[in-house]
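Starting off with a structure, shown below.
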Amino acid sequence: MKLNTMSDAIAKYVHNGDTIAIEGFTAFICFAAAHEILRQKLEGLTICRMTPDLIYDQMVAAGCVKKMVFSYLGNPGVGSLHCIRRAIENGIPNKIEIEEYSHFGMVGRYMAGAAGLPFFPLKSYLGADLAEVNPNICFVDNPYGKDRVAVVPALNPDVAIVHAQRCDRQGNTQLWGLIGMQKEVAFAAKHVIVVVEEIVLEDVIRSDPNRTLIPHIVVDSVVHQPYGAHPSYVQGYYDRDNKRYLAWEKVSRDQAATEAWLAEWVFGVDNWEGYLARLQAEEPNIWDRLAPGSAPSQPVNYGTYG
Amino acid sequence: MEPMDRMFAYTPSEMMIATAARALEGERVVFVGVGLPNIACNLAQRTVSPDLELVYESGVFSARPARLPLSIGDPTLVSCATSVVGMADLFMNYLQGGRIETAFLGAAQIDRCGNLNSTVIGDYQNPKVRLPGSGGACEIAIHARKIYIIMPLSKRSFVEKLHFITSPGHVSHMPGERVKLGMPGSGPQLVITNQAVFEFRNGEMTLYSIHPGFTVDEIKSEVAWPLKVAADLQTTLLPSDDELRIIRKELDPDGIYTSK
Amino acid sequence: MKLNTMSDAIAKYVHNGDTIAIEGFTAFICFAAAHEILRQKLEGLTICRMTPDLIYDQMVAAGCVKKMVFSYLGNPGVGSLHCIRRAIENGIPNKIEIEEYSHFGMVGRYMAGAAGLPFFPLKSYLGADLAEVNPNICFVDNPYGKDRVAVVPALNPDVAIVHAQRCDRQGNTQLWGLIGMQKEVAFAAKHVIVVVEEIVLEDVIRSDPNRTLIPHIVVDSVVHQPYGAHPSYVQGYYDRDNKRYLAWEKVSRDQAATEAWLAEWVFGVDNWEGYLARLQAEEPNIWDRLAPGSAPSQPVNYGTYG
Amino acid sequence: MEPMDRMFAYTPSEMMIATAARALEGERVVFVGVGLPNIACNLAQRTVSPDLELVYESGVFSARPARLPLSIGDPTLVSCATSVVGMADLFMNYLQGGRIETAFLGAAQIDRCGNLNSTVIGDYQNPKVRLPGSGGACEIAIHARKIYIIMPLSKRSFVEKLHFITSPGHVSHMPGERVKLGMPGSGPQLVITNQAVFEFRNGEMTLYSIHPGFTVDEIKSEVAWPLKVAADLQTTLLPSDDELRIIRKELDPDGIYTSK
């Protein structure tokens, strides 16, 4: 049975010391999974994400991170990630090891991981300093010319947590909007937890097979967790809660305030349903405020043949 | 019932299909072509492996064809599949990514190590017969976790030395040759023919099971090298009535692939 | 103005001696473009396709091909490509140079071409003979291990001709079904002719942006050519005309019969409309026979935000 | 009308936006971030370059935002775009594939060759201030055909030696350095600041145009190296009334990005 609660999925697939990737470029960021990882008191994690965003800022602040692999540290459209800066600049709450790439470098690492390649080539890094501080960035000779091409090593996380709009009960997963690296990280990981807004019938999936980016054979666990990406967004389901991105900018400037926030919003609730209840208590019409209007795709005909 | 009594109750193709289908018991993700492998996989789904997932080289995953597909690119495979992807995803993430457990291959020539030739008869630069070439076969042979080969037994095909190695099998008799060359898959496991089934023991094709009605000597005479015979030689089980019924009524009602 | 007739598009973008790619894996094979190339008496072409199929069998038989780059020679589900075999085995009507890869090798060549990489890595060819006869297949050392990885060089055709279901007047192109390498070949080519079954309003394209695989910035010319992929198929628009694939198996066995076929079906008509008229004269209900039933994709909501 | 008379009729941000928009005349495909570059590109579409295509690093092509986007990943950019692709396609086929003509970059530090630092102030291993890092900037700097840099002029930013090279500009004064390193793009073309516009001549940042109200000496004092001044020094054209109206009424009605 693949359909699990978040609590069971995390307990089963995420272990102390694991390398995990919770991806999603601005959208689909699965805060529900991160909070559950914190509640389960996992330790010594290596966390990978192109854009650590608030989700890893919170994880770093909670002290469960040993190392972070990334390519851009920012609160998108807002400012800095203060908790991560505190950890890097001052070792608060603990010193974390960092392994840094450019976006394309992370893209290449996931692509190689997904594709069973030891490395991925890209034309980058020459003339810049990143390869000087990251020995995992190498160069190979181009056998068809005289130039050298940068390569980055495959990244194969122990666990990937991938948020999406919908899947069927087997885990065949469809997503649309900013698809980011969701497909590649799912193929790259040893275990995959898919978290969706909706579980749909297999027939819905089968009506549009080109939209299925993640097939069930790479999915270990399916979690049905509506609003699981709040305060980030899910295209067509809810908008980004920018108010709370702005609020984090203030909270996160101070470690004590951050810990108080975590105590209230993460450790002070039993699960994501508890978080959502607290959210709605604070702002009763939140889901109305964040509800997008309707903009359906025009259907295409796959045809019947037989 | 003696084997000879049933000799006309099934065709050689049906025998190969039933044997291949049974070999799929416990498999999860199989890479298929059209023709016999396709029918064998569909038969396995209906008998020993209900959860078997079929992946087509054209990029189709978990198809639900409404008719017998004419090729791996038939549109009937696309409609109602769970996923359809481009060639890049197929070869990168599915095949090279190690997601394919089992694949079927055939060829014009095979050698005792299970290397396959589907490229050329004669010299590559001045061919006597130009064959289709690799397609995805070379990578399938390297990456699928297990390879099952289906081809008719004949001395013209089971040769001492291939004219061209299109798809590597166990490469040579040197143990660990595949590992040394960095091949993730474990190579050919079975060769299923119209007369017998062969296994690979220490990388060498070994007669393992004879179809009813054939003899070891007959089979040896169709193989160009001194054929090893397993000490535990078996007789291949006949297609069951159920299997024959499914093949004839459901999978190939017009006998396009199975009448011979 | 991007919207052209096939005749104008071919005249403008295809030249003697060019390297061209008319791709499409079993589906979307643009016979309309190939026939127009033959009518315009282009010469000395290098033709690239994973599966040369009937389309390149016809081009080789007509004598316009100097070289062919490919990975699988077959009449899919039917048999051999007899014209190409005649050229390779007996030099009829002329000897052609061949450059051969596996499917994944061709995939890698197009990917590198699209991505501006000099080469693409793949784990293949070791233990097999293809690299022995094709010096373009090379090997590089894996800097993260002790193994070697095969590489193939970028393929950047002078012209790619890409068939699809629909695009807008600018050339923003959507396709579904067996998408094959249509996207990559379009990005890899120096010039791109998109041939579609339907020209649709930009709003149709914009209702489902994830379905747009080819953006207008890579498209030089748009040709509206319904049934332009016959006898291959276009998902949801028409089925493969297998009768004619089977018929070609007979015709193509003999060079004289092949030339008679070309005289009638290619040189004996002015354009694709002429071919279709002849087809319909031969089989009045052809498009009924090949019409698929309706199987619409279920819409997804992209949402309105603003 | 004298420049000084208009000093308070426009903000420095508006000046930078108008200057950047005009620089986009004749450009076709521009890579944008949020903030000033986004507004500049939208202004260019409404003035000098109606056919300008905006590509966002998040994978969005030809967006039609119904509101001012909060970030490059805003869902309003996705709805009604002509194409939305994943990161792999964006970096492989659009950027490295050479489809991006022009891109905007900013940074915490810039040197005289237009190399940029957005990674760290102080030592990388023991940073004084940890900045965002590259994101896509390193590859944008290498692959976009032309780079326009937008950043406020200040001695803290316009430094003799970067603490870290995040994104290569013209690399060094050696001619052809970018070509030698295999960089397809031609590197930084302009640095647009709140006080002046700089061009690169022989790979060196050169004062080319001064905004009304500033002097060469003032500008020199904000640059850490001996600044070269173009012989054909210009005065930057003021934002026109039309440009200001579009910025204020249509593009940033709440003055989020342009009030300062």
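Order of writing sets the chain letters: A, B, C and D. Residues in each chain are counted from 1.
Simple rule for what comes next: a residue touches a chain if its C-beta (ideal position, glycine included) is under 8 Å from a C-beta of that chain, and two chains touch if they have at least 3 such contacts.
This structure is a prediction, so every number in the text was calculated from the model and none was measured.
Note on connectivity: the fewest chain-to-chain touch steps from chain B to chain C number 1. Ranking every chain by how far its Cα centroid lies from the centroid of chain A, the top place goes to B.
Counted by C-beta pairs in contact, the busier of A-D and A-B is A-D. If each chain is reduced to the centroid of its CA atoms, chain A and chain C end up 37 Å from each other.
For the pair chain A and chain D, the distance between C-alpha centroids works out to 29 Å.
Mean C-alpha positions place chain C and chain D at a centre distance of 41 Å.
Taken residue by residue, chain A touches two or more other chains at 111, 116-117, 122-123, 147, 176-177, 179, 183-184, 207, 210, 235, 239, 292, 295, 302-305, whereas all remaining positions touch fewer. Residue positions of chain B touching 2 or more other chains: 60, 74-75, 78-80, 84-85, 92, 96, 143, 184. Residues 111, 114-117, 168, 170, 172, 183-184, 187, 202, 205-207, 209-210, 212-213, 215-218, 302-306 of chain A are the ones that touch chain B when the two sit in their complex.
Here chain D touches chain C in the complex through residues 28-29, 53, 60-62, 64-67, 74-76, 78-85, 89, 92-93, 96-99, 143, 184, going by the rule given at the top.
By the touch criterion stated above, chain B contacts chain C in their complex at residues 34, 57-60, 70-75, 78-80, 84-88, 91-92, 95-96, 115, 119, 124-125, 127-139, 141-143, 164-168, 171, 177-178, 181-184.
Only residues 116-123, 138-145, 147, 149, 151, 153-154, 165, 174, 176-177, 179, 204, 207-208, 210-211, 235-237, 239, 292-305 of chain A touch chain C when the two sit together in their complex.
Interface residues of chain A, counted against chain D in their complex, comprise 25-27, 50-51, 70-74, 76-77, 80, 84-85, 88-89, 100-104, 107, 111, 122-130, 133, 147-148, 176-184, 233, 235, 239-240, 242, 292, 295.
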